[in-house]
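To start, the structure under review is shown below, and the notes come after it.
We just call them A, B, C and D in the order they show up, numbering each chain from 1.
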Amino acid sequence: MTAVKQDEGITVTEHVVCPFCATLCDDLVIHVQNNQVVKVRNGCNLARGVFENAHKEWATPRVNGKEVPYDSAVEEAARILAASNNPLIYGLAATDVDAQKKCIELADLIGANLDNASSV
Amino acid sequence: MVALQLGGAPAATLGEVKNRADLVIFWGSNPAESHPRHFTRYSGSAKGRMNPRGRKDRYIVLVDIRPTPSVKYADEFIQIKPGHDYEVLTAMRMLTNGNRPDMDSVGDVAIQTLERLVQRCKDARLGVLFFGQGITETRGKHQNSMAIYQFGKDMSRHSKFLTLPMRGHYNVVGSGNTMCWQTGYPFAVNFGRGYPQFNPGEFSVVDLLKRKEPDAALIVAAEPMDHLPYEAARHLENIPTIVLDPRETLTTKMADVVIPVKHAGVSVEGTAYRMDHIPIKMRSVLNSPWPKDDEPLSTIIARIKAIRKEEAET
Amino acid sequence: MGIRIVNGEVIDPAHGEDRVKRDVHIKDGKIVADAGQDATVIDATGCVVMAGGVDIHTHVAGPKVNFARLMRPEDHRYEHVSREDGYERSGTGGVAATTYTTGYRYCEMGYTTIVEPAVPPLGARHAHEELVDIPQVDKAIFTLLGNSEIIFQYLEKGETSKINEYISWIMDATKSYSVKIVNPGGANMWKYRADIHDIDQKLRDFDTTPRQIILAIADAMATLGLPHPLHLHCNNLGVPDSYKTAIATAEAMEGRPLHLTHLQFSSYGASGKRKFSSEAPRLARMVNDNKNITIDVGQVLFGKTTTITADGPFEYHLHKLTGSKWYNGDVECEDGCGVVPYDYKRKSFVNCIQWAAGLELFLLIDDPWRVYLTTDHPNGAPFITYPHLIRLLMDKDFRREQVEKISAEAAAEIPLKVLDREYTLYEIAIITRSGTARRLGLVNKGHLGVGGDADVAVYRASRNWEEMFAKPAWVIKDGQVVAKEGKVTRQVFGTTMYVHPARGFADIEKDLADFFESYYTVNINNYPVGLEYLPRPELIPCQVKA
Amino acid sequence: MITLTLKGKLSIPLEADSVTPDNLHDKSNHQIKEQTVYWGNKKKTIGDFFEVEGERSDRITVVGDCAKVKLLGHKMSFGAVHVKGNTGYNTGSYMTGGAITIDGNTADYLGAMMEGGLIDLKGNAGHFVGGAYKGETAGMTGGEIIVRGNVGHETGSFMRRGLIAVGGNAGDFTGLFMLAGTIVVLGKAGERVGANMSRGSIILMNQARLLPSFLENGVVATPAVEIVLGRVRELGLAPAGGGRYVRHTGDVNAVGRGEILMRVVNRNHLQV
């Protein structure tokens, strides 16, 4: 249902939902060129900030500050959490429901404390 | 959240505000800066079934401790003394219930002003009170929200009236909902005994970290080093901390393990819940080389199960 | 590998089998003629073998159920399911239990299919996200349409074909199984703090009436050939003389198929000293006389619960009455909901009348194929009380003991005290699985004939029916043993059943686009729920009459 | 007598609801050591964390800084628990009888949902003393709690019966949603005392700013107050006696039959 137009290498996506605040505006039009957002229509300043900066400062897989293969970072995370006697899982408010469900499943498995931004 | 647990609330989806509300009050909320399009899409200039002229069909009141950029969108600004929201709401509840407070003003607001506001609420076709962090983070905290909900319930005896929180993070409502259907509780849950226990203060993030109780942390799509009080966040520097985030943040820079993931709503689809609990499916506009965050989480779950099995066998 | 259940007594009302000693063969998730030589043998000596239970009406998922969980942490604090006890996922109980716990508990009673009957279209995505997390059972939702402003607009203009098209569209957009109407027009009026009290009362904003709403939707459903007919919660529910509205509604249908849900809550009169009486006998007569009508009871049982309904004005009324917590959630253009905790007390005259009225409906409706066992979970009681309810129906001495415990004033007035009927196991099988499956149009469920889904419950026979139905010896879902002795042994996930009715009755694309633009706050392009929300979808065909 | 001595310093909390006379009174020394406690996400035993002396007694002494030990005396119905040190969350929650004495401080929810018995805290307590857990509409339904130090917010929330006496100061919302029972604060009480109280009595020995929803109803010298204060003295606190009290009734936004009695120090306060 998303109208995607190819025009001079620019992909236009309509009816985009803004993942910034809980107003969750769902009428944004996003222009993308070379995997960068070049134009945001209908969005507020905050929305523009999210999309226009989205290609910058991507995180890299690291352990103790050193870049490592992805699987090694995941393995190290599993090792840390398996060894923990009182883990904390925090966040969830800025990702989607599938990830939230997985956080709860993990917390259940390892007997963690689990909290989101509601309590802050 | 706690306030809802104490007594419930009269609420609705935002389309009700768009279609019917002729009185909108913002209390401790500055939508012009925190939720810039709330006003045009739902609560201010939005046109709807009973509000064909949009802004002209609504009376808008702003209540805050100081003038904010939102004042210029309001018909009336009521300035109250910092930390006195609860007292002002108590007086408004009295006026709603037919009792006049024995004083000229409360929290620096003249009783006459409150009387007028209460009368407007009673006369409204649909009155709506939106409240924000200005009220939930000042003295009284969740009891202030409770007072708002109680005012809404009192007012429901006279007119159609709604009380709605202005939630911050785009899917904080989703996290509360998901936790609630899987654990029974919307936040502050502990699984230490093999089942969910709930107790804000005892199991909420700031208190846990201040008391230095966790011995490892997994941070998913949050920036505690930026958003939490430092006396809480600094405990993360002393324990193994894992962060899942699309981008570098203060927290990833401090973390022991960084796992990059796709950015929900930017580089991957997924569901988010709006502040009025309506779920919407987010779209994806960029490509990312990393997996969606539930994938590494699933791998971690599988790995821990395997580690447990190995331990049990040896 | 298959399973062969031997030495049990099969009760399969769909095939007229009442305690027939025969083997049941299972292979590849289905009932088969011969499971083969290598089949695992289950020795069901001393047991009765039934199809898995099918609950036609239980509020287990979606926005209002989650508000009920959210608003009542005290409901979860004292009951939990622990990983220490071998469950894959922990959870909390109480009357509005968490999703995993809900699935486990149903399974542990021998139920394998459940229907969440009241989801506003805007809440469908949420409901499906919860259904994914309910293990052990097959699931479906009904979509609430009785306060749909889009339908009201078409009704005003008499555009029947557009109503057909819209309902077809919304069934697909919500991945729903059928339509539920709650207090037609009432939730719309509640947006003005008003309600509706007569099926011929005009709405305030729209030139239409509950009668017109009900008939238009019922006719559209027939045109689309939806497998389950209109599922209706009447106007005026819960108040004295509600029975009159129920009868008027049934008459209005003029022979069209209708399912009246939780009829107990509509079975009150205004006679007697307290101006509150059970008129269940009249309603039972009405059901007996009208073969187009089926009902589920919505039995009240004593104890604390949480009421959850799309009937917003009713919940406000209850909140004012009790002073309890109250959540109200109006849904733009569509419907509303309310949540209020409630405590049914043996010493409350009104509560005793309600309790008796439900039992009277069960005992006075002659044809078990047209009355189904529900508690309108959790409105009358949580579903975990079903075994107790079964005992009340099967054991008249036990029932008499219970009557002695209620308010003496109520006990003196209720028609129940002279009713001696006892349900047989065969009849229980009908009202808990065969009848509900048939009324839902689920041809593969509710029976143990070859080709049926291998959802089976094996109950160890006992004179204490409550114990018997609380802990089935084996429960089989899709051909696998998933519970033993009333305890889940394997976590599995069932399907979500939905329909995909035909389209092309009218062109409503522009109407919908305009309506969404004008009155909704969600973009129409982001509104429909895609199949990706149903990880195990099961399409049930519509039966369009030639 | 059973004596449990904490072996080391805890940083991860311990849930020790097995430490009650109800559970330990009939157990041998060995059996006591085998009783379950939960340490973070691990199921452990009392013996893992405490030296255990004695057996088969309804009197338990706990020695050490138990600030991270939660749920001591949870649901206890008889006997005595004496903690020579601090305690953690939920001490004495849901207790129905017996006595808990704590020499140090405690965390939040001391005596929450208490139904009977006596708690004597020498030090300070956190929030929700004798309070209701979130969502509950009835908190403490009986028993007595004496705190010699200070308490935090929401003391006695949703209280239905019983007595809470605070020797030091109280935070905000003392007696929130109180339904009945008595709360006495000898030090200073914070803001919003008695918010939403329906019935019950709150006795304040110092001036406090009240909500607009409380109405002043004259100055009284009531024997009822003296009876309460007499009991408070028996329990070891030393409130001044014989004074007069300004009586405020409220909260008019709730049922409005609660009372806040504020001791008259001098006439000037009436202008406050």
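Convention: a contact is a pair of C-beta atoms (placed from the backbone, for glycine too) under 8 Å apart; a residue touches a chain by one contact, two chains touch by 3 or more.
What you see is a predicted model; the values in this text were computed from it and never measured.
Colleague: Taking the mean of all protein CA atoms as the centre, name the chain whose own CA mean is closest to it.
Modeller: Looking at where each chain's C-alpha mean falls, the closest to the middle is B.
Colleague: Counting only C-beta pairs in contact, which chains form the busiest pair?
Modeller: A-B
Colleague: Between chain B and chain C, what is the separation of their C-alpha centroids in Å?
Modeller: Distance between chain centres: 33 Å.
Colleague: Suppose each chain is reduced to the average of its Cα coordinates; what separation in Å results between chain A and chain B?
Modeller: So the centre of chain A lies 19 Å away from the centre of chain B.
Colleague: Nearest whole angstrom, what separates the Cα centre of chain C from the Cα centre of chain D?
Modeller: Taking the average C-alpha coordinate of chain C and of chain D, the gap between them is 46 Å.
Colleague: Chain C: which residues touch two or more other chains?
Modeller: 71-73, 75, 77, 83-84, 89-90, 129, 133, 325, 522, 526
Colleague: Which residues of chain D are in contact with two or more other chains?
Modeller: If we look for residues of chain D contacting two or more partner chains, we find 12-13, 40-41, 133-135.
Colleague: Counting only residues that touch at least two other chains, what does the list for chain B look like?
Modeller: Within chain B, residues 1, 5-6, 41-42, 176-178, 182-183, 186, 191-194, 196, 198, 200, 213, 215, 271, 273, 278-281 contact more than one other chain.
Colleague: Chain touch graph shape: choose line, ring, star, complete or other and state it.
Modeller: Its topology is that of a complete graph.
Colleague: Can you list the chain D residues touching chain A in their complex?
Modeller: Result: residues 12-13, 39-42 of chain D touch chain A.
Colleague: Within their complex, state which residues of chain C touch chain A.
Modeller: 83, 89-90, 129, 133, 522-523, 525-526
Colleague: Hey, which residues of chain B end up touching chain A in the complex?
Modeller: Touch residues, chain B against chain A: 1, 34-38, 41-42, 166-179, 182-183, 186-194, 196, 200, 203-206, 208-209, 213-222, 224, 227-228, 240, 242-249, 252, 255-260, 263-275, 278-283, 285-288, 290, 292-294, 296-301, 303-305, 307-308.
Colleague: What part of chain A is in contact with chain B in the complex they form?
Modeller: Touching chain B: residues 2, 11, 13, 15-26, 30, 32, 35-37, 44-46, 50-51, 54-64, 70, 73-120 of chain A.
Colleague: Mind pulling up the chain B residues that touch chain C in the complex?
Modeller: Contact set of chain B toward chain C: 1, 4-16, 18-20, 41-42, 46-49, 125-126, 153, 156-157, 159-160, 162, 176-178, 180-186, 191, 193-196, 198, 271, 273, 277-281.
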